[in-house]
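Across the two complexes that follow, chain A remains constant while its partner is chain B and subsequently chain C.
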Partner chain A sequence: METLNYRNKAQQRAKGTRRQAIVGVVASGNLEVLVERILPDGECEVDIRTAAEGFGEVWQAVIADFVERRSPGGLKLSINDGGARPDTVALRLAQAVSAMEGERT
Partner chain B sequence: MTVWNSAQRLRDERIRAGAAYAQGKRVAKADATALLEAVIRPGDRVCLEGDNQKQADLLASALAAVDKNRIHDLHMVQSGVVLPEHLDLFELGIARRLDYAYSGPQSQRIAKLLFGGKIELGAVHTYLELFARYYVDLTPQVALIAAVSADREGNLYTGPNTEDTPAIVEATAFKDGIVIAQVNEIVDKLPRVDIPGDWVNFVIESGKPFYVEPLFTRDPGAITETQILTAMLAIKGIYAPYGVQRLNHGIGFNTAAIELLLPTYGERLGLKGKVASHWALNPHPTLIPAIESGWVQQIHSFGSEVGMDAYIQARPDVFFTGPDGSLRSNRAMSQTAGLYACDMFIGSTLQIDLHGNSSTVTADRVAGFGGAPNMGSDARGRRHPSQPWLLAGKEADPDSPAPLRRGRKLVVQIGETFGEKNAPMFVEQLDALKLASKLDLELAPVMVYGDDVTHIVTEEGIANLLLCRSNDEREHAIRGVAGYTDVGRARDKKLVQQLRERGVIRRPEDLGIDPLDADRRWLAARSIKDLVQWSGHLYAPPSKFRNW
Partner chain C sequence: MSTVTLDNAKVERQPLVSTDSWYEASARQRVEGLLDANSFVEFIGPEMREISPHLALFDLPEQFDDGMVVGLGRIDGAPVLVAAQEGRFMGGAFGEVHGAKLKGLLRAARDMASMPVLILFDTGGVRLQEANAGELAIAEIMRALMEARFAGVPVVGLVGGRSGCYGGGGLIAGSCSALAVSEQGRISVSGPEVIETNRGVEEFDSKDRALVWRTMGGKHRRLIGGAEVFADDTIESFRNAARYLIELAPAPTLDTLEAEQARLAQRIHDFGDCADALDIWRSLGASEPETIPALSYEAFVALADRLQEPRHDAR
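Now for the complex of A and B:
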């Protein structure tokens, strides 16, 4: 088990008013994301607990792109990862922000 | 004096030796090994019929049981190395040299035997290429084949899994070879004749159906959102703009997702009747919803698929069927159809390098290729025009005068940037190269050459290699869809952005696709059970796919 933590500056506050949401599932090759609106508007924090060790560089790249594309200001995302591939991670992160925008649950 | 019929004399000798165990052409199952010991000579080229689907399993065990002091150094020339017995032959010293095309289930063990020097490898072929060599320099002296039934004269009914049999038997029987068939049963009257009896020397009744591998069945329940996204990209970004009507799909979950999205996403895009109507394809269960929704006009098949026979029989307007009503497949003909008469091949792979070369050979698996290198190559002998072929040719070479410009087949590699066990699909160097140097091969086993590939589809987007004008552009078009793999992260972002502006790379958003829209609701069937229902309960999936 490895824990990773990334703090990034976000351009904009995440849309919507929801306080909290959960997307995904904890399963092999999948991940669960708990997202909470608890940070200042210009900040985003991602906290990761992963079963797959040694992928720090890839996580960092995935999260940097995520923050740039989705602008998740004010959100803290806590990830329980079961060794998901980067494409699945990127998808779940995008789904988490979308859930906070209230378009989908 | 020159002897001109030495092979005929040898054939007659072999038949006489085998006749000691036969009544007419019929040989008892218990005498199968004795028959093979009588007929086969050391060093013979032997085709033990097995491809990626049907297997002459009884004859495989019989051959693995021969006395290796009598029969040894055989040269196996067969399309599929699939059963454990196929490799036992090499381990036991009965066979020495191998020319083949596909080895899916045995890919790890074959790698070990290659490295251990137990197998002398000729080449890993494409099916059509191996069949071609049956007629030039790899003609079998003995062919051991499988059919459903035989009559007293040795006429054979192959049932829906005709597959390689006609190509093998024609080469063997007309060049003084011996043809031995295992059949499930001997009957008075065959439903139809697939192989004439005077091409067949001996028949063994096995008493049970030959083994068929359900290779083309994909459970819709296992299709991921990322695979659905790649399917949406392919349909909207390739099928639609080129108007691809004649095509072949490789095996895999990405192409299964495309099949299941035709009646939903494809319908939404208004593509019914405009794409995916004529196929060279095995009867993929995941194509049932598209067939039932009226998308598909015609399918010619390499083989059958376990559980699909009753469905096929009930849809003769779509499939090729015999006077008995059941499917007639033919691998050689369908491969030819895929090569010359299809405008697109789309399939998955395990590794792609920076030139676009791809291979399913990895460090410890030598899977072979089956039909992909043939289907996934531009047919240089093609002379008939079609819209997708002309358009692709124009993209590759906009300056030549149209009447003298070759078209191009669309050869599409589709997959997620990371595969099973997080193995990256994009690599700086193919494992196939390491294998070639380790085994001292003159050619690395490349499945699809980079200069044949026209598009690469991943969750990150589509790279159109036809529009690349230099090696550098090509490399960056590939890096630009390689996601978070090492190859992808080593991209020059500016160059990738320029390629995107020119439409060489297209992201989901460039095609109006929201990745968040890629969910399982698009699948016309979400389980094997759904497929059974779509088929009106004519599809009977094998038990390992039944989970209800």
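Now for the complex of A and C:
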């Protein structure tokens, strides 16, 4: 297992009022993303535990792209990864932010 | 204008449910679709990070809910307690935390004695990396389940997930007040590969999917009386089954136990000599048993109701 952590500056606060959401499951080639609205509006943190070691650079690139596109300010995303491909990761990150845009708490 | 209509339709959908298939849905999607909209309140949710204390020793990834979602919700406005296994995380297997969440829910149900419990099974059995804790959990869950039933609480099992309901999960299912199963659901204790490993491929060929399904699958379980309701593979069908079985669930009285004993004795008497499920279906009166696996949901329900009345006095 490898633990990775990335902190990025986000341009805007993530939309919606939900405080937390979870998407995905931990399985081969899949991952779960727990997202919590607990950070200052301009920050985004991604915490990763992954079964596939040695892919830090790819994670960093996928997350930088995600923060740029979705501007997930105020969100902490915690990931348990079962060896998902970068496109699956990008999809789950986008899904997590969409889930936070709802009204439920 | 058509774009506007589409967008509106999208907004009205429940946010987490993107599939109607029970088999394809995740544990959370099943819970969301089974209960009244927005009524679910989770206990010990993923944000509490009650993860397995054992998986890290094996360098295996954890899941924040340990593959078990438990909580309180409503069906038609009436409160129900719900537990759902995530069959895609480690085959939905029972570990220490996973099992403790279900045991705790059943004990709460027993103490409150006012709300039925729905267990959404999707499990290969005990998680071998934490086998002792998992086996203990199975025993404790069965005790808690029976105590809840003795306190008057209906405990209904719903089986239709990709991991089926095997091992200790099969034992817990057998302890429930009533069961609903879909064609995709499988209920047994030893799974196909376990039987093949222990007894040889001549005894049971786990690669023979048709054999697996006609021996352990939902249609067979309904036909031999192992499940009261045969559900279609939709969340709506399981919701209807849950509603129906909560009302019908027999109390675990001496009469119920004796009826169950009589039912099982009759089953051995009637089918004890059968070598294959096809023989059982034939002796139940099915004129073309080999056509049963391919029957549609509606055609099978009609046939099953004719061949084998569900026994609501037993179990």
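The rule we apply is simple: the second predicted complex is superposed on the first by the 102 of 105 C-alpha atoms of A that agree within 3 Å, B and C clash if a C-alpha of one lies under 4 Å from a C-alpha of the other, contacts with A are read in each partner's own complex, and residues count from 1 in each chain.
In the analysis below, a residue touches a chain if its C-beta (ideal position, glycine included) is under 8 Å from a C-beta of that chain, and two chains touch if they have at least 3 such contacts.
Computed from a prediction, not measured in an experiment: that's the story for all the values here.
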* So which one touches more of the residues on chain A, chain B or chain C? -> C
* To do: Quick one: classify A:42 as touching chain B (first), chain C (second), both or neither.
  => neither
* To do: Could you say whether A:26 touches chain B, chain C, both of them, or neither, answering first, second, both or neither?
  => second
* Which holds for A:50: it touches chain B only (first), chain C only (second), both, or neither? -> second
* chain B versus chain C as contact partner of A:88, first or second or both or neither -> first
* Check the residue A:61 against both partner chains and state whether it touches chain B (first), chain C (second), both, or neither. => first
* Same chain A residues contacting chain B and chain C, which ones? -> 104
* Structure fact -> Listed in rising order, chain A residues that touch chain C in their complex are 1, 20, 22, 25-27, 30, 32, 34, 36, 49-51, 78, 80-82, 99, 102, 104
* Asked: Can you list the chain C residues touching chain A in their complex?
  -> 15-16, 26, 28, 38, 45-47, 56, 59-65, 86, 88-89
* Asked: Tell me, which parts of chain A touch chain B in their complex?
  -> 52, 55, 57-58, 61-62, 83, 85-88, 91, 94-95, 98, 104
* Asked: Can you list the residues on chain B that touch chain A in the complex?
  -> 224-226, 416-418, 422, 459, 483-484, 489, 515-516, 518
